[in-house]
Amino acid sequence: MNFILDYYNYWIVVFLMMSGFYIVISANNLVKKIVGLNIFQTSVFMLYISMGKVSGGSAPIVAEGITQYSNPLPHVLILTAIVVGVATTAVGLSLVVRIKRAYGTVEENEFENKDDAI
Amino acid sequence: MTGILAATCVAILVVMAMALSRAISAPTVYDRILGVNMFGTKTVLFIAAVGFFMGRPDFLDIAIVYALINFIGMVAVLRFFEYSAPVE
Amino acid sequence: MFIIDIISSILLLAGAFFGLSGAIGLFKFPDFFTRVHAASVTDSISALLIVGGLLLQTSFDLNTAKLMFILIFLMITSPTASHALAKSARHSGLLALAESKGKPQGKSTNG
Amino acid sequence: MAEFIDLVLLAMLAITALRVIFLKDLFAVVMLFGIYSFLSALIFVNLDAVDVAFTEASVGAGISTVLMLGTLALTGRTEKKSPHSSILPLFVVLVTGGALIYGTLDMPPFGHADNPVHEHVAPRYIEQSPTEVGLPNMVTSVLASYRGFDTLGETVVVFSAMVGVLSLLGVVRREEGDTPESGLVSHQVLHVVAKLIIPLIILFALYVQFHGDFGPGGGFQAGVIAAAAFILYALVFGLPKAFAVVEPKVLQWMASFGVLLYASVGLFSMYKGGNFLDYNMLAANPLSGQHYGIIIIELGVGITVFAVMLSIFYAFGSQAERSNVQ
């Protein structure tokens, strides 16, 4: 039982990561692929934050009467990673828009054999 | 008092789960939006209640952000949904 | 102090009850417009009651102001969102149960 | 209780992710992705990462979802059936997942205070930063002061994302009256409510910007929230009116100004005789120097993020409006 309590967080994170991965490699639509990429990314964030948690700890903002704080370092790394993540998502989506304009479709199997029209 | 707060948190969690199941399998697309919206407002209440339950209610800012983003997301869904309403 | 705790408990529990009844209404009611009705009305009242209950737990500091902000925000946006949603649905041709005479809803776009 | 909440939220996340796999209606996929972001932000709150939750709720659930919806308006809302069989992807995913699960068994157990992560630099940040930097919010201290150079890099990445999106899509300035149907014209109630709400949102963004040293918040979040206010305006009243409020050209200037403001703080501290981004040199007293430095660079970050998010939205929105006219 203790074993499960120690690791369930990581296992669910792996499950989410694999769901995102499955969407990325099996989806035919590019927008859905980007959603899958975001799901994958969020699960990585969750892995980092899980590692930073100290049980019985509190949020790393100094307040009276609190002795145990969680680790602030993963929080900093992930905070900036989220903003960079949305930036890359935006670039990816604008590529999707350009593909739609060039080929008239965003389904992978419909444009993969066409000539380079961009 | 903590017992009451815990009961409230659990009740809100149950409501969130029901709204989520509505958003997952809805008869019409509008029902789905309704489920998502309800999920959002209940999340706001959940964060507020859990903050008091855990004894650090300083983090109500996050609840405010949720309320705000939930509304904007709702407007965005309606706006872009009207654009692409004819199903291809 | 004791009285305030009791009042706040009653408000919190009532809020939870209304929230639950709204969620049940989301499943039980026959057509979309009645479901909007169930969801939006209970949403507002449960937000009012729960935030009200929490307000009594604060000691009139920054948290009180934030809770008031949440309350005002929810009281403005939640009914608006429901209204806009119902209006969009109506414009797109979704019919109420009485109008569609028991026929299945037309716009089933469930994937 | 914390574990129970954590478990319930993780279960909801797993169900949402599973449902996203099988849905073909992309509108529903994007809405469920919004729920997914909200749920992960809730988990971050539960795991004590309030700043991260703040960012995820505003950036992940807000901006990403709006951008995806804007793309869907252009690319159509249903996914066609894939001609490939799903056996091979499933096999790859199962093998990778199995390997990762096997890998987690070597990880330190969840939540123990003596894990390796908590032993290297973290104790120094927790113990020293309130006296060295003088701020209660350790995340802001580490983000803006100890790892200030890293954050400068992130700001530049965000800026270059704007350059990328604008060079791919471009912002088209439209004539007034070109699209009379622009915006949610028939929703009178939304118009009134949006006018009420937008000042409140901007006020809240300013609060987040300048209260970020003491509570959750900071430049990244404030920039996104302020951009969200303008996005709401553009959604309700139409892009041409939003262009009249903030011109796309102005946004490009603002984005560059934010990055330059950040970098110039670093150069100024070098001029004063310290290292790059050494805030101790900014004032006679090191603590107030840290304070000035953090406030100025957070302002730079806020301005850049605001301008970048809004101009990315403008780019997508003007594409969507153009396709609507055709």
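Which chain is which? They are A, B, C and D, in the order written, and residues in each are numbered from 1.
Heads up, the rule we're going with is that a contact is a pair of C-beta atoms (placed from the backbone, for glycine too) under 8 Å apart; a residue touches a chain by one contact, two chains touch by 3 or more.
The structure displayed is predicted, hence computed values, not measured ones.
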Chain of greatest Cα-centre distance to subunit A: C
Computed distance of Cα centres, subunit B from subunit A, in Å: 21
Centroid distance [mean C-alpha coordinates] between subunit C and subunit A, Å: 31
CA centroid of subunit B to CA centroid of subunit C, Å: 10
Between subunit D and subunit C, distance of the C-alpha-averaged centres to the nearest whole Å: 28
Multi-chain contact residues (two or more partners), subunit C: 69, 73, 77, 80, 84, 109-110
Numbers and ranges of subunit A residues touching at least 2 other chains: 58-59, 61, 63
Interface hub residues of subunit D, defined as touching at least two other chains: 25, 28, 50, 70, 72, 76, 78, 184, 187, 190, 197, 204, 215-216
Chains that touch, pairwise: A-B, A-D, B-C, B-D, C-D
Subunit A residues within the subunit B interface of the complex: 58-59, 61, 63
Residues of subunit B that touch subunit A when the two form their complex: 56, 58-59
Subunit D residues touching subunit A - in the complex, by the definition given at the top: 3, 6-7, 10-11, 13-14, 17-18, 20-21, 26, 29-30, 33, 36-37, 40, 43-44, 47-52, 55-56, 59-60, 63-64, 67-68, 70-72, 74-76, 79-84, 86, 89-90, 92-94, 96-97, 100-101, 104-105, 107-113, 115, 117-118, 121-122, 125-126, 130, 136-139, 142-143, 147, 150-151, 154, 157-158, 161-162, 164-165, 168-169, 214-216, 220, 224, 305, 308-309, 312, 315-316, 319
Partner subunit D, residues of subunit C touching it in the complex: 69, 72-73, 76-77, 80, 83-84, 87, 91, 109-111
List of subunit B residues in touch with subunit D within their complex: 6, 9, 13, 16-17, 20, 23-24, 29, 32-33, 36, 39-40, 43, 46-47, 50, 53-54, 58-59, 61-62, 64-66, 68-73, 75-84, 87-88
